[in-house]
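What follows is a set of structures for review.
Shared between the two complexes below is chain A, which pairs with chain B and chain C, respectively.
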Partner chain A sequence: MIDTLYRPGHSAVHSFDCRLKLFLLPLLLIYFFLPLSLPAAGLYTACFAVLILIYLGFRDLLIPLKMIFPLLILITLITPLFHRTGTVLISAGDFTLLTGRGLDETIRYLARFSGISFLFFLFFRSTAMDDILLGLSWYRLPYTLTLVISIALRYIPHLAGLYGQIKAAHALRCSIEDDLPRSRGIGKIRNLFPVLVSLVIQSVKTIPVLTMALELKGIGRSNPRSQSRTLITPESVRIQIFSSLLLIALLITNLILFSSIK
Partner chain B sequence: MENQTDRSKQNLAFRIAAVAVLTALTTVCTMIIRVPVTPTRGYINLADVAIFFTALTFGPFTALAAGGLGTALADILGGYAQWAPITFFAHGIQGMAIGMIFRASGVDSRGRMILALILSFIAATVIMAGIYFVTGGLMYGFGAAATEIPGNILQNAAGVIVGFPLYLAVKKAYPPISAYRW
Partner chain C sequence: MYILYRTSACDYNGAMTSSPLLLEITDYSFRFPGYPGLESGTLFQSMNFCLKRGEFRIMLGGPESGKTTLSRCLTAVYPGLTQAEVSGRISIDGESINSRSACDWIEQTGIVFQDPEEQIISTRCDDEAALPLESLGIPADRITALRSESFKHFSIEGMEERDPLSLSGGEKKRLLLASLEMQNPDLWILDETVDELDREGQTYLLEYLQKKAEQEGKGILLLASRYRDIYSRCGAGLALLKDGQILLQEDCPGFMELLEGEGLVSAPEEGRGVLPGTTDPLLQLNNIHFTYPGNPDFTLRIDALRVNRGETLFIAGSNGCGKSTLARILCGLLEPEEGEILLNGRTGEKDVLNRSCAYLFQNPDYQLFLPSVKEELALGLKYSSHSKDTRRKMVDDAVRLFKLPSGEAPPALLSFGARKRLQGAIYYLLEKHLYILDEADSGLSYEDYFCILRELKKKGAALIVISHDRSLRKAETGRTVFMEKGRIVSEEGRV
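What follows is the complex of A and B.
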């Protein structure tokens, strides 16, 4: 099986209805790009960090941070150089390294990017891929698209395993007496090429077989034989809808009160 | 075999199967098959190779779906979920552009083939690197986003350099694939 971000659990975030999460996700994402004041933007990002900390634990908070860490350093180093107006805070001779505006912008970008990463991590960590697909179907995403994604998810581990087998089989072709092939740069790609050709051919050969299997299932007929599982509605769905509406109202109020546009 | 494929390629089941398998292949090429460039400067993945192959073999619309979905799934599974929506558009449109250029130019003569390769490389680079630059700029500033452009160009170059020979090799080794295009 493929190792997805999702980890099962019984927290409030886990039990939150997937359809509500899918509704809130784009709204919460757009909110990062709205003109909030710097403390409000920082607080908004901190909310997601706190949510991860409370519901998923400290280790899970480090996972997205670890992944975006190099980019955060890059933002810190480069952004001040592009915003050089305002009060000079650090300079080397005539060259301005950091200004008040540069610092503001850097913190804003750091908060925004970390916040977006936390938001997506929280969503995919607490929602199973099957539920996401069912939720998207509920929002009238075409059945064929969800079917493609679910078949692809089943095929990824198969093809990954096939790649390992082909690689091992190709490695056996080189005898002990042979010179070892170059394994840097272009040499590495050259060594990989026969493996890639075999993998692609094997993958493509499965298409007619899969087509027949889908036809047997009734795909493309007017009376398909397959049926999707029903998404279970949690008992507390009314509270969840109410809290979602409350959250939206809170965010709008926050935007009105703490907008950076004067 | 060819007649059977010709018949079935028109139907929905064949299209779903083709897009699903190629999506999985693109995800595997993105997540698992990685070529280190130098010990310190990271690696290039073969997502663009898979997209290039799909566009040439199966046409622009399969490349749009499989390229976009495959790379977006790789982002979600690999823990970079915040990039998934952007990746879907960047690589999907990139695949569609490559497929459309090759479909429009026709690859009968060597000259036209080289021209199509150059045009598709330019179009794919502008589209993919451009989308990443603009969205990256909005997320974390255009200064930091600009540093990713050389990596994206390198990635696209690998797509053309490996993807086109891959297309020729697969076509030679498995001729029925020529009938899979729609």
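What follows is the complex of A and C.
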């Protein structure tokens, strides 16, 4: 019923303490929305791409990009139309298609959106969902709230897994001699609809079943809960804390030096 | 001839008359609301049943008899959101089950679902097993001790950190059994739990449950859709859920004939020799190597495997040995890292394998997603050369042949058995070289299972049957391949 992006491993990002990751995650996320110059914003995004490349590998770098690919195209097509001041770069007759400002903003949005995807992918790929739950509990969040957060976070990867299953099931629903339409261009998009409809039906179906499963595990009882497992503090936690503080200092310096607000 | 007796609440003389009563169902009726295409039938009608402490009862029932609904009523999750009409009383230790929420009953009653994936909510096996005890506030060191013991009992030690969804179907059930043992409620409800367990696991489970009942005074209710020989050796009492009533073995002379009449007892001669296989190779696998990303503990290595045209090949092996993985590779759903797959002597590309092979998933819900039975059946015929009228007729025939409630019925609301039959009907309408039935017998009566098998066999294609039921192997196959730890270890029989 529930699936995650997590893959076990022994890399530095895997062994980084989950509580520190949870502390850094919102800070790193907010940083994407701060007024950085374009090269600085690009560099910031590139850092996450490099981290994925080093610690998780090239294949994993493509996964978040594949997930957001349609949205990146949409951003590229639409953003220039909302920023039409500055030097005209491309026009069709009297209609301005792309200006210098439009190009800047498009690149900024692409960098921001890709960077956020890389950041979250890095976090979820290297952190077990149950460790996230334990980490949130360590910050004294009530269990019910951490459970809701955890289920909400798991739901999206679960849908991705379900999508794969449904796609596979659809692929087998044809006979040897069937005249299947070519799945290119519009045909490919059209073929996507039955899979998406199926996905919606299946995901809605899981809601009452999940409710039952939670009740049968005793979620909702009024007595105090216990916790069978606690997060193991890594031996290098001091180095990790120091690195985290250093990272924050570096980001603040970067912001002061390369802010886009003059 | 046999006479049917209706049990009134606790009027039978079981072996443990002196044992205190644990579960009592009195005059219980249950009726789901109707939906377009699915009539609102009364599932239970003034049902009566008792289970004493120390009693282990196996309740048999065909598909749609209401086993899963009953199991859920006994854990207080039903009627819940179902909007069903309910009357009568279910009580545990004299207290009405409606007096508390399901979460407040977990000390008294616990369940293993028929589909384990519906019950699993954690991403680590140890966390999944510990959840009910954490809810009860049991100290961590006690949970750890219990977990280590239970994981050993159900042979899943060493899998503590694994993602439960990466386990095989049988291993998932073992995990939920370990979790239930840790929870250790007074009343154990096991919905088709024997299915998908390997033979060793089935024997162990039945002996274990019998001991649990006798030594700890637990009440155990195992729901099953088929009578198995091993049931006669475990000392459990039998019951039959039929027409909304529960019939006890001790109250029904000719109980076994009654089970046979319901198609719940194996008929080994059925289906034998329907179509002989050939020695003409259809599929050949050479030096296949496959590992799941993120799970280096399991590797599938198949040096050589041949499936002949028209033959029925049985794949046997313990839980987690790689049977389903092999099946998915054969269908082109998984791509091996190394090795070659030849279909009709040519390299089998993914697309070609998809078209040529049908795979009845262990879990039918992976394949059913459209709003009505008719739409599910018609989907596969969309690109066929048949005319609209022919397609409509084929769909209607399939509904009748596979005993589906109606073409308009919503698949999501059908029973597990009916959903499995629908899965069979979908592939019956498709022309394939090979049909793979992965634990397709799970949750089905013998009658329904043989119905699917017989119809698919008539098409003359090759069949691969994956099952833990030996009687199916004897009845339906010419050749058996035995797997162990991702490898084929032996082969017996001839085409």
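Methods note: the second predicted complex is superposed on the first by the 175 of 262 C-alpha atoms of A that agree within 3 Å, B and C clash if a C-alpha of one lies under 4 Å from a C-alpha of the other, contacts with A are read in each partner's own complex, and residues count from 1 in each chain.
As a working rule, a residue touches a chain if its C-beta (ideal position, glycine included) is under 8 Å from a C-beta of that chain, and two chains touch if they have at least 3 such contacts.
Bear in mind the structure is a predicted one, so any value in this text is a computation, not a measurement.
Contacts of A:Pro8 after superposition on the shared chain: chain C is touched, whereas chain B is not. Of the two partner chains placed by the overlay, only chain C lies in contact with A:Ser228; chain B stays clear of it.
In the superposed model, A:Leu81 lies in contact with chain B only, and not with chain C.
Look at A:Phe23: by the touch rule set out above, it reaches neither chain B nor chain C.
Look at A:Pro208: by the touch rule set out above, it reaches both chain B and chain C. When both complexes are overlaid on chain A, the residue A:Ile166 reaches chain C alone and has no touch with chain B.
By the touch criterion defined above, A:Leu192 lies against chain B but remains apart from chain C after alignment on the C-alpha atoms of chain A.
Of the two partner chains, chain B is the only one that A:Phe113 touches; chain C does not reach it. Contact with neither chain B nor chain C is seen for A:Trp138 once the two complexes are overlaid on the shared chain.
Within chain A, the residues touched by chain B in the first complex and by chain C in the second are 2-4, 151, 197, 199, 201, 205, 208, 210-212, 214-215, 219-220. Contacts from chain A toward chain B in the complex involve residues 2-5, 33, 63-64, 67, 71, 74-75, 78-79, 81-82, 105-106, 109-110, 112-113, 116-117, 119-121, 123-124, 144, 147-149, 151-153, 155-156, 158-160, 163, 185, 188-189, 192-193, 196-197, 199-201, 203-208, 210-212, 214-215, 219-220. Within the complex formed with chain A, the chain C residues making contact are 72, 75, 77, 80-81, 101-104, 106, 110-111, 113, 117-124, 126-127, 130-140, 143-144, 147, 161, 163, 165, 293-294, 331-333, 354-359, 361, 365-367, 369-371, 379-380, 383-385, 412, 426, 430-433.
Across the complex, chain A is touched by residues 4-5, 8, 11-14, 16-25, 27-28, 31-33, 35-37, 46, 49, 53, 65, 69-70, 73, 76-77, 79-82, 84, 138-144, 147, 158, 161-162, 165-166, 169-170, 173-174, 177, 180 of chain B. Interface of chain A with chain C (complex): residues 1-4, 6-8, 128-130, 151, 154, 165-166, 168-169, 171-181, 194, 197-199, 201-202, 205, 208-221, 223-230.
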